[in-house]
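Dropping a structure here in structure tokens format, bear with me for questions.
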Amino acid sequence: MAKKIAIIGASGYTGAELIRLIATHPGMEIAALAANSSAGQSMAQVFPFLRHLDLPDLVTVDEVDFSAIDLAFCALPHKTSQQVIKALPKELKIVDLSADFRLQDPEAYRTWYGNDHAAVEMQGEAVYGLTEFYRDRIRTARLVAGTGCNAATGQFALRPLIAAGVIDLDEIILDMKCAVSGTGRGLRQDTLFAELSEGYHAYAVGGKHRHLGEFDQEFSALAGRPVRVQFTPHLLPANRGILSTCYLKGDAQAIHSTMEKAYADEPFVCVLPFGEPPSTHHVRGSNFVHIGVTGERIDGRAILVCVLDNLTKGSSGQAIQNANLMLGLDETEGLMMAPLFP
Amino acid sequence: MAKKIAIIGASGYTGAELIRLIATHPGMEIAALAANSSAGQSMAQVFPFLRHLDLPDLVTVDEVDFSAIDLAFCALPHKTSQQVIKALPKELKIVDLSADFRLQDPEAYRTWYGNDHAAVEMQGEAVYGLTEFYRDRIRTARLVAGTGCNAATGQFALRPLIAAGVIDLDEIILDMKCAVSGTGRGLRQDTLFAELSEGYHAYAVGGKHRHLGEFDQEFSALAGRPVRVQFTPHLLPANRGILSTCYLKGDAQAIHSTMEKAYADEPFVCVLPFGEPPSTHHVRGSNFVHIGVTGERIDGRAILVCVLDNLTKGSSGQAIQNANLMLGLDETEGLMMAPLFP
Amino acid sequence: MAKKIAIIGASGYTGAELIRLIATHPGMEIAALAANSSAGQSMAQVFPFLRHLDLPDLVTVDEVDFSAIDLAFCALPHKTSQQVIKALPKELKIVDLSADFRLQDPEAYRTWYGNDHAAVEMQGEAVYGLTEFYRDRIRTARLVAGTGCNAATGQFALRPLIAAGVIDLDEIILDMKCAVSGTGRGLRQDTLFAELSEGYHAYAVGGKHRHLGEFDQEFSALAGRPVRVQFTPHLLPANRGILSTCYLKGDAQAIHSTMEKAYADEPFVCVLPFGEPPSTHHVRGSNFVHIGVTGERIDGRAILVCVLDNLTKGSSGQAIQNANLMLGLDETEGLMMAPLFP
Amino acid sequence: MAKKIAIIGASGYTGAELIRLIATHPGMEIAALAANSSAGQSMAQVFPFLRHLDLPDLVTVDEVDFSAIDLAFCALPHKTSQQVIKALPKELKIVDLSADFRLQDPEAYRTWYGNDHAAVEMQGEAVYGLTEFYRDRIRTARLVAGTGCNAATGQFALRPLIAAGVIDLDEIILDMKCAVSGTGRGLRQDTLFAELSEGYHAYAVGGKHRHLGEFDQEFSALAGRPVRVQFTPHLLPANRGILSTCYLKGDAQAIHSTMEKAYADEPFVCVLPFGEPPSTHHVRGSNFVHIGVTGERIDGRAILVCVLDNLTKGSSGQAIQNANLMLGLDETEGLMMAPLFP
């Protein structure tokens, strides 16, 4: 029997993406959709592209009967998420897609997000949701904190290399090219079509992007010593896709074979033949990650490019992958759809 | 057991779209992929977005063992298609996505395509592939001729109205807005990004587009007298989607209720509440059709807008819908994926 | 000596476009820039693309010394514009880009805009700003009301035909395809990149768009009897450009020669050879209008396609063309820049 | 009296961009347009956006009477360019936009372009066309070799820093994001709208892009020792614009003040306030370069972002800037148009 799912924060892009994926997921069934600001509306009003589905209308979080729910996805903005989750039943399985439970250290949280955490006691409980690396803990977790989309892209690129010690840990640069859906459905001047189409720019330059908190936490833990990477995001005129160009010091062939070995059995991560660069075009709308490694004309350097779809593998697809594990389903269930091209 | 499928012409967009859809179709399995010009290559080389699938390499048509095939999709350019299909085993079930078998009258074919048909004897055998209207004949057909993407959009808009006699048959105008993937993967200057992005234009203006042959054939048969519509296509900077704005003379409410009644039981066709206009954004990558009807300030006129995804419902999705029927599968199998938004 | 120009409402797209054009206009010089909501800011902050210019900072309207100004452009939202203009010095030359003074009949204004006009006495004084047709009156006008961008496109298409009596006045359909900058810089969900890119939809369907008020006024005056056209706008994923496909009843060749004759001496309006359709790509960023006329396979009908850049010829370019006349400058001064392609 | 200009290779994007700019250049007049493959056609046929101009029809190079020409722009593909230029009158002033005369060392040319140079004797004569740094030599040059668009972007970013010795010369990384018009108007699958829109990828990864030849030549000469940078281009879904994110080791404030000083008197190069990142949106269609410098959270590092329009400042605008000098005109003449936004 299909598991009963609630989605809290169903009126944003990641909420809608969860519904898109669950629509053809044989093991899940949407039992409740909450979005306080849109309560009372049908999903067809909020997202007409979901009009063909027989979905419950949107309600407030308070109106959801969580006793009938097997797992809740929380797709709220950060800060709101921690407050809502704090008030949910303590035994409810939750996958949080916000940034609120990604950082385990309250101090680090305060540094990057500028406020005290409202649910400090749950920060420790939460398991970091990068499935490929936290699979065992996720399987038994009650609360999983979905990895940020940029943070996921960078970690798929670097974790095996840091673990294997094949790159210089003090010389890691990630230049990211990010599609606009990652900024959400909120109204902003810089994400208007007329302001974004046909051009691009860097933002949060110089180490200001909050996903650096995740990089610091994860890479340092992995290396057993502080690791700080450089990470510059760029906003691009596209809906979906993150491409991270990683500038590394190390032997390119060793880097490639380390990656191939690390992901050999992963259903969603594909390491391309040496020298072949990946494209965001080839993962759009899917849960796949493509990684390419290339040598550099300057000896001892390599370039690794990693791509994924920020809304799918970078957010809602990853969340379902985690939920599959938490619910005892097959990890890939409902996630093997091919990318959309063109 | 899954039906064995061959795709002839697998190196174009409609071929790739067939593979995308079959990848998650529980009742079909790809047994052979043919594309003469790319024979010897893997699909990952031709379409890297299909890299995660375990697919047979491309071969020439001659190399396919059709005795092991339950149904072949033919996704070749027109003129080529008729010659290839003519040479295939006579009992093989075929869904042709080209224009070659859509027109039943050899004379009409010659008028619109400028050459004699190479397989005249099969023109009569072919069943027109607009599933919603030819369901019974498709179920037992051996050769089904997929409807053109513009022709499908216009027919979903107009067939119920012509059948019901609620519009003036001599005053029908279809203004279509077409995405670029409908022009195929061939190299053309006007479909280069730099030539198409950020602008738009009309083409085949004044009654020159070949899909008019389909409109003439189908609408005249339906009305029992000659019907000639006006149809102007426009090329737009988008990958997928056709939007047809239909200018009609008739009572708007009667038009709306005729449409609602006609499609009440159709799983893929959705008639929106009166006055609500649809958007191609809401059907991208799906097999759905959205139709909206609005009144006009000038009495006795109505505007009907119909949208679908040219590569899915307008081509490969429709083809699979037909194949499902021909193979005794459920008509909607493998086709209920939600649209991709954003 | 260059004329001193003030721009009121300099923080929107039409305000910025005025500055772009005046930047290389030999006969004009920007003396004051007002925008109440952004007062105190530099233009480089509001529009960094104007950073290279030596411009006055933004001030409030009240802070402008209009005694030193030769002509003011008012690029405010409608309703605001009439109140601001009402309070300006009575002898100041003004080109208003809003909708506020386009309709001469207070009743028609109320019908389309839903409120009483705050400056009824000036409605009669204002000259309609479609330069090519009101040149003589504009030359001596004090207040010119810029034509709406859709209204301009439709009038370039139809005025000569209505005047010449070569088309059926009761059977005129304009299907318009509009770029997004026409909706302005305000924050709206439907103009976010993620909501607009890669798709399109109709809006204000059935005779609801306010520019119909201009069509009714102008076409009826021209014909000497009521003329009501059908006009359906569509929002497209592009920054600049309007394309109007006009479905007409009349002789196509007569229509073409009427257009050729009408615009033979116009520097900005180009009628293409018979049968050649224009493209918005070919007028982007310029003050040009391209018009194409094609026959239809149905006798007695014709299709006319008209394109222009909504921000230039449809708004700020037209405004400068009018200002040139009002200031005794050459009509084409500062406006002969070539389109930007690609 | 206006200088008589010939454009050889007028059927490509850089040729068309030259015409766009010369159209409003008071000191230049187009006397001849050559394009062997399109000879006999009018420019309105090849580029309808230039339809308003009174231009000579396209002829073959042989048909041009160069005795009446003051300066010729050569906008041909590389390899073709050197052969055509070799055959031109020896006293004719030429600005070449191809790659053929950028590298002074025949050996370096052979390495990067794979063939022997057909006009070795002229390689030494040619002056490198980065105006801001070769102004004096360009003024008296007969043959100027236009800088590549990526090479220009990188040099505006780095030359002052290398000259001033404020960055580590062995640790320079340029991650470039390039619009598609830089690849030209030729037919390629990867530049089709459907293949490029909505996605992005790296290419020529690892030090394979030919513009590295220019970087090596120029930076090494400047530093007085070999300098080799890393440079990874990415193809983005936009028509115009290059953005280079430069990862540098050095003091960010020193880098910023070095840049400010270097460009203080340059009319086309604008160094933004410290910490402000530039955008390609703000230079589209113009001859401006915007540069931003930001500090990094890792001490001793800085990020510099440089943007320009590849067809204007990166190619045809730069060419006209050079031609202005060679013809004794004001360097900025015809080039001060504001960018097009949005």
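A, B, C and D label the chains in the order they appear, each numbered from 1.
Methods note: a contact is a pair of C-beta atoms (placed from the backbone, for glycine too) under 8 Å apart; a residue touches a chain by one contact, two chains touch by 3 or more.
Bear in mind that the values here come from a model prediction, so they are computed numbers and not experimental data.
Asks: Among the chains here, which has the CA centroid at the largest distance from chain D's centroid?
Replies: B
Asks: Tell me which of A-B, B-C or A-D has the interface of C-D again, with more than half the contact pairs shared?
Replies: Comparing each option in A-B, B-C or A-D with C-D, the repeat is A-B.
Asks: As a quick test, compute the distance in whole Å between the mean CA positions of chain A and chain D.
Replies: Distance between chain centres, rounded to whole Å: 39 Å.
Asks: Just how far, in Å, is the C-alpha centre of chain D from the one of chain B?
Replies: 45
Asks: Multi-chain contacts in chain D: which residues touch at least two other chains?
Replies: Counting only residues that touch two or more other chains, chain D contributes 13, 181, 194-195, 197-198, 237-240, 278-279, 281-282, 284, 342.
Asks: Where on chain A is chain D touching in the complex?
Replies: 173, 175, 177, 194-195, 197-203, 205-208, 212, 228, 230, 232, 234, 236-241, 243, 245, 247, 252, 275, 277-282, 284, 292, 294-298, 301, 303, 305, 307, 342
Asks: Under the stated contact criterion, what part of chain C meets chain A in this complex?
Replies: Chain C reaches chain A through residues 13, 180-181, 185, 187-189, 191-198, 237-239.
Asks: Note which residues of chain A are touching chain B in the complex, please.
Replies: Checking each residue of chain A against chain B gives 13, 16, 19-20, 23-24, 47-53, 181, 197-198, 239-240, 270, 272, 278-279, 281-286, 288, 290, 336-342.
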